[in-house]
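Have a look at the structure below, then the notes.
A, B, C and D label the chains in the order they appear, each numbered from 1.
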Amino acid sequence: MLEHAWIIPALPIAAAALVGLLGRRINRFAGWITSAAIAGSLLLALRLMWDVLAHPGVKEITLPWLQTAGGLMIQMGMLIDPLSSVMLVIVTFVSLMVQVYSLGYMAEDEGIGRYFAFLSLFTFSMLGLVLSNNLIFLYMFWELVGLSSYLLIGFWYKKPEAANAAKKAFVVTRFGDMGFLIGILVVGYFLNTFNILALGDAVKAGKLAGGLATAVALLLFCGAMGKSGQFPLHIWLPDAMEGPTPVSALIHAATMVAAGVFMVARLFPLFAASETAMLTVSYIGGFTAIFAATIACVQDDIKRILAYSTLSQLGYMVMALGCGGYTAGMFHLTTHAAFKALLFLAAGSVIHAVHTNDIWKMGGLCRSMGITTAVMLIASLALAGVFPFAGFFSKDEVLVSTFLAGRMDLLFVGLLTALLTSFYIFRMFFVVFAGKPATDKHAHEASWVMTIPMLLLSILAAGLGAATAPFGHFLQASFGAPAMETEYHGRLIPALATLMAVLGFAWAYLVYLQKAVSASLLMRRFLPIYTLLKNKYYIDEMYQWAVQRIMFVVSRALAWFDRNIVDGAVNGVAWLCRLTGDGLSRLQQGRLQTYLIMFVAGVVIIIMVVLASNPTVLAWMK
Amino acid sequence: MTLTLTHYLLASTVLFGVGIYGAFSRRNAIGLLLAIELIMLAVALNFTAASNFLGTAGGQVFAVFVITVAAAEAAVGLALIIAIYRNQKDVDLDKLTLLKW
Amino acid sequence: MMTTVSFYLLSALAVVSALFLVTTRNLLHAVLALAVASLAVAGVMLTLNAEFLALVLILVYVGAVVVLGVFAVMLTGHFKKPTLPSSNELKIIAVVVSLALVTLLGGVILGQPAVTGLKEVSLDTVGKLLLTDYVLPFELVSIVLLAALVGSIVIARGKED
Amino acid sequence: MSIPYLSIISATPLVAAIIIMLLPRERVTWPRWVALAGAAFSLILSITVVAAYKLAAGGYQFLETHSLLPSLGIQYALGADGMALAMVLLTGIIIFAGVLASWDVKERPQEFFALLLILVSGVFYVFAARDLFLFFLGYELAVLPMYLLIGIWGTGKREYAAMKLTLYLMLGSALMLVGILAMYFAGGAQSFHLDHLRHVQYSRGFQITFFPILFLGFGTLAGFWPFHTWSPDGHASAPTAVSMLHAGVLMKLGAFGIIRIGVEMLPIGAQVWVPYLALFTLVNIVYGSLVAMAQTDLKYVIAYSSVSHMGIVLLGICTLNPIALNGAVMQMFSHGIMTGLFFALVGMVYGRTHTRVIPDMGGLASRMPFLSMAFVVGGLVSLGLPGFSGFVAELLVFLGAFRVYPLLSAVAVTGILFTAIYVLRVVQKMFFGPDKPAFDHVGDANWVEKSCLAILMLVLLGVGIYPSWLVNLINSSIGPLTQMLEVVR
């Protein structure tokens, strides 16, 4: 099976190419074709994981791709280890769920063929990224992931907001990728290899140390910040909600944002080589976690709440990775993939039913949409980290990893974030599903193609927690077990986390269901904070300002400079030539005798020259 | 103190120079033409002197040619002046500046 | 001795009348100065024993060129109002350039070894040369003369209609 | 007797041009068919020579030598190595696509196609020449028809643009000529043959003096900052096929000349000068993309993006590093195809919307899906997206450049970000957003246009996915070159 792992990404891309080339003629079957392809990939990925489980260890398959003079050798290759096999399953599973769901959700869209082609391209890119065995191919698929997200976010290109969001997503992540690319260049220069395993060995051999290691790690982390939406490159993620909702599910669960976390995990030895880098990574993660959670508390758009929730949870993962919690981060990624995909699909189902994103225009949906309510509840509990749902275990692991790393400040941040998480998700849940219907329109439960994926995902969101221990052991086989993680068997941290979840739940319950505390009163009391949060800390405005006032001004200034100074110099030279010509043509004034004098003067000069070169003629004078 | 070729050549050179000056500075086209005739005259003298001092008849032949050309030139030149005068009512060279840029 | 004196006198006369020619405001005077200069040069030629050329010179210059000049002056009406300044504003440059030219040429001439003693060049030889060695230039010059004749008539006549 | 492939490739367009001029004037559609046949023939032969080139042997192959002017040592000498073949192939592809893109030229089609083909013939001669005189001759043959093509078939300020472009390129070729003649005379004035000149031991002072002259001469054509301003005006005014050829092939002539004549003949001079020149190429990259961002005329955007991309080529050359040099030639190829695609698209979009002002467009994606898709592909290549040739090229340049100028390369990478910004802005403004009623009646590409675009896109994709075939070809000439540079160092 291992040698045939390439089929896993090949199936989706083949399906995408087929659907893309045949175009609108097969619109009706497009989704079925791509879904079938991805189902095939999923089966193969499961089989692959089975093989890896049976024979743990790291396998590498390479093919030469590019070779030049000067010792450059880039190979195309696959790295199959527990990490990649787990990611393959996550990616194919979530993708399949999203595809099937989309069959219902997007059924009436005229560009459905294009949609499924892009979706499959997305899956392909992510699978390729997961399988890459070297930085160059990692980067290549990394960029393709960015492209796919661009295409999908901007799928409804006629909506200016969607087109803008797509562009923003691409540019912001590319900003991070720039750092990533420079990091790759630095690595290539100093370690002279791009192979991930070889890099691990090189780091172990101590070839990367000190400031260099920090610089490399931080540069590479720039890429992860962009893709995984870490502060301050998080601004694209909420806007990406302009895309179709299943796409959001895919982006937020299994593909785009997971890429950053995956990359850090994949290149963990490089990060672990620098204490400073790890510290920075963990603080950025922690800050993003609480920062995004606070914003999520006041949003009105259901998808935006989930988007900021994703940011916050990604912060968790990054924080864990920064604390050396390699398996914790990956495990949270896995459970998060399940429950966040579920949250989005459920949200999509709601939006599909009520045709609005504003939670205040929903309400009382639990009566008409039973299944959706149920799965949303499961997902919310998982997100809030309530025992025994998956989120509880993974969040616990994250918090434990901060504790074990001795970062009490981060542990505190994590707990506080857990409180906020619980609050905002139940706020959303209560407002949307409980209470009285906000409109008279009667909402219907979605069709089976949409509910079945949700049900499947909810099983995972509920039950994945059982896999905690085996998951950890399995993953440790990659990179031969990072030594940082020791076992923790205390009860304090799970207890605290649960307490936080319950507190958050209670707060939301009191404010939004019981209305014991008036939400508007709270809002007025903390108006400045509310305004600040509502406006997302004005980060977007700052970027806007920086782009408009600095970049475009510089750009326009340079354009002016080019037209008027550089080209002006050129035209100036032309003008000077013309002026000289004009000036010299004044000599041609039409007066015969001037010409005559010129002529004779010329003769005089020639005679002088001749005489000067022939001094004997005038020798008598001396 | 006998006359040498140098004397004659110097005399013709001075005459030539005066003619050149005239050609430079006369405002009137007729004056210009006369100055040119003067130059021709100097050249003819030059040829003749050289011919007679060196004993080669060729110089005199050329002097004949020069005189002939001078006559032809005078004829054409003066005809031109008359033509110009008829058109412009003036033969002031400073005003005959049609052939410029 | 006689020749020497006459050379100096005649060439001085030629130069003086030439100077008068180029400076006078009255064109009629200038034409007359040309006649005087031609006669003086013809005289100088006589001191060279080149009687034939001297005669040709008088014939052509005084007889033809000067007459043409007078005609031109008359026809253009310049004899009555010598108001125009004789020279243009290039006078100073003209003086400098022509002086430089004369100086240079004079320098070169003075640098050459002095040739003394007139040789006899008979009219006979000149005539023979004209019709043997120089027959082609001679014929060409006659064509030039013819062309000038026709040309000047055509130009001076102008368009009839 | 082997087949003189290179002669046939180079002369075919010329012959086709002559045939076109002999056609009866009233048959207005014949010229384009003859042109297409000529271009196709050249293209097929170009592919054949690329396939027939023996990689293992390397060096110059398909050699032809005939004496032209023995007294001056001028020979009709052709021959191609891997790099030259890559360029020949590029030219073959671009002219084929260019003929397709100008299928609908209405005004004087006979003269148009004839001039276009003459130009291409000159380009082929430059790439295949082994004799500097022939090289220069080909160069002039390529530049001069440009004047007429822009002046007669152009749009906008075409006389100004044609004049500016031609004078500028003449300035470049004057500098070039100075360099060429200096090399000729310093080499004993016996031969213009490159093999002869390569073995002349030019003194250090000579090399230091003449390398910058040659670099500037060729660099002007390659859009070297600050001698790039002919490019926006020229490209904006030129007809579609001419823009394609110009940005796609002619600018590469400059870069090709720098490598073939500047670096190869004057290696010491190159080594002395490149660190300073590299700074200017950085300006090219970053400045070009920033200026492109502020443009509103589509053709200006693309012209400035060419300036930026040619900066990457020049940066690659200025490293003298084998990896980056490979990347530079790759970028020449990739950018050639990409910019050909772009200008073809601009022409087609303009032909439908009758505007090139970006803010005036919008919502075109639903009106012309194929053109939009092609434009997005072009944009993605331009911003260096993996899977397309541009990525491979830029990656190689940056990998190589980083070894020589780490800081400078790191700054140059920002150029990629700016490129992404302006490309995406253009795509968004032109194709996305709500439908505009003004464009209700515009249609998508016809089959001729589709095939033109499809060829270019397939090449970009093919090189991007499996670049080895092209890189190996290029590497076969870059390898020996850099070895020689090492020896000289």
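Here is the rule we use: a residue touches a chain if its C-beta (ideal position, glycine included) is under 8 Å from a C-beta of that chain, and two chains touch if they have at least 3 such contacts.
All of these numbers come straight from a predicted model, not from anything done at the bench.
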| item | value |
| --- | --- |
| Touching chain A and also chain B, the following chains | C |
| Interface with more contacting C-beta pairs, comparing A-C to A-D | A-D |
| Centre-of-Cα separation between chain C and chain A, whole angstrom | 100 |
| Separation of chain B from chain D, taking each centre as the mean of its C-alpha atoms, in whole Å | 64 |
| Whole-Å separation of chain centres (CA-atom averages), chain A against chain D | 36 |
| Separation of chain C from chain D, taking each centre as the mean of its C-alpha atoms, in whole Å | 70 |
| Chain A, residues touching no fewer than two other chains | 593, 597, 600 |
| Contacts with 2+ other chains: residues of chain C | 88, 90, 93-94, 97-98, 101, 105, 110 |
| All touching chain pairs, where touch follows the definition stated at the start | A-B, A-C, A-D, B-C |
| Touch list for chain D against partner chain A, complex | 164, 167-168, 225-226, 228-230, 233, 287, 290-291, 293-295, 321-323, 326, 363, 365-366, 380, 383, 385-387, 391-392, 395-396, 398-400, 402-403, 406, 409-410, 413-414, 416-417, 420-421, 424-425, 428, 431-435, 466-468, 471-472, 475, 478-479, 482-483 |
| Residues on chain A engaged by chain C in the complex (per definition of touch) | 593-594, 597, 600-601, 603-604, 607-608, 611, 617-621 |
| Touching residues (chain side chain A, partner chain B) in the complex | 585-586, 588-593, 596-597, 600 |
| Complex contacts: residues of chain B adjacent to chain A | 20, 23-26, 32, 93-94, 96-101 |
| Contact set on chain B toward chain C in their complex | 1-11, 13-22, 24-28, 30-31, 33-35, 37-38, 41-42, 44-45, 48-49, 51-58, 60-61, 63-65, 67-76, 78-83, 85-86, 91-94 |
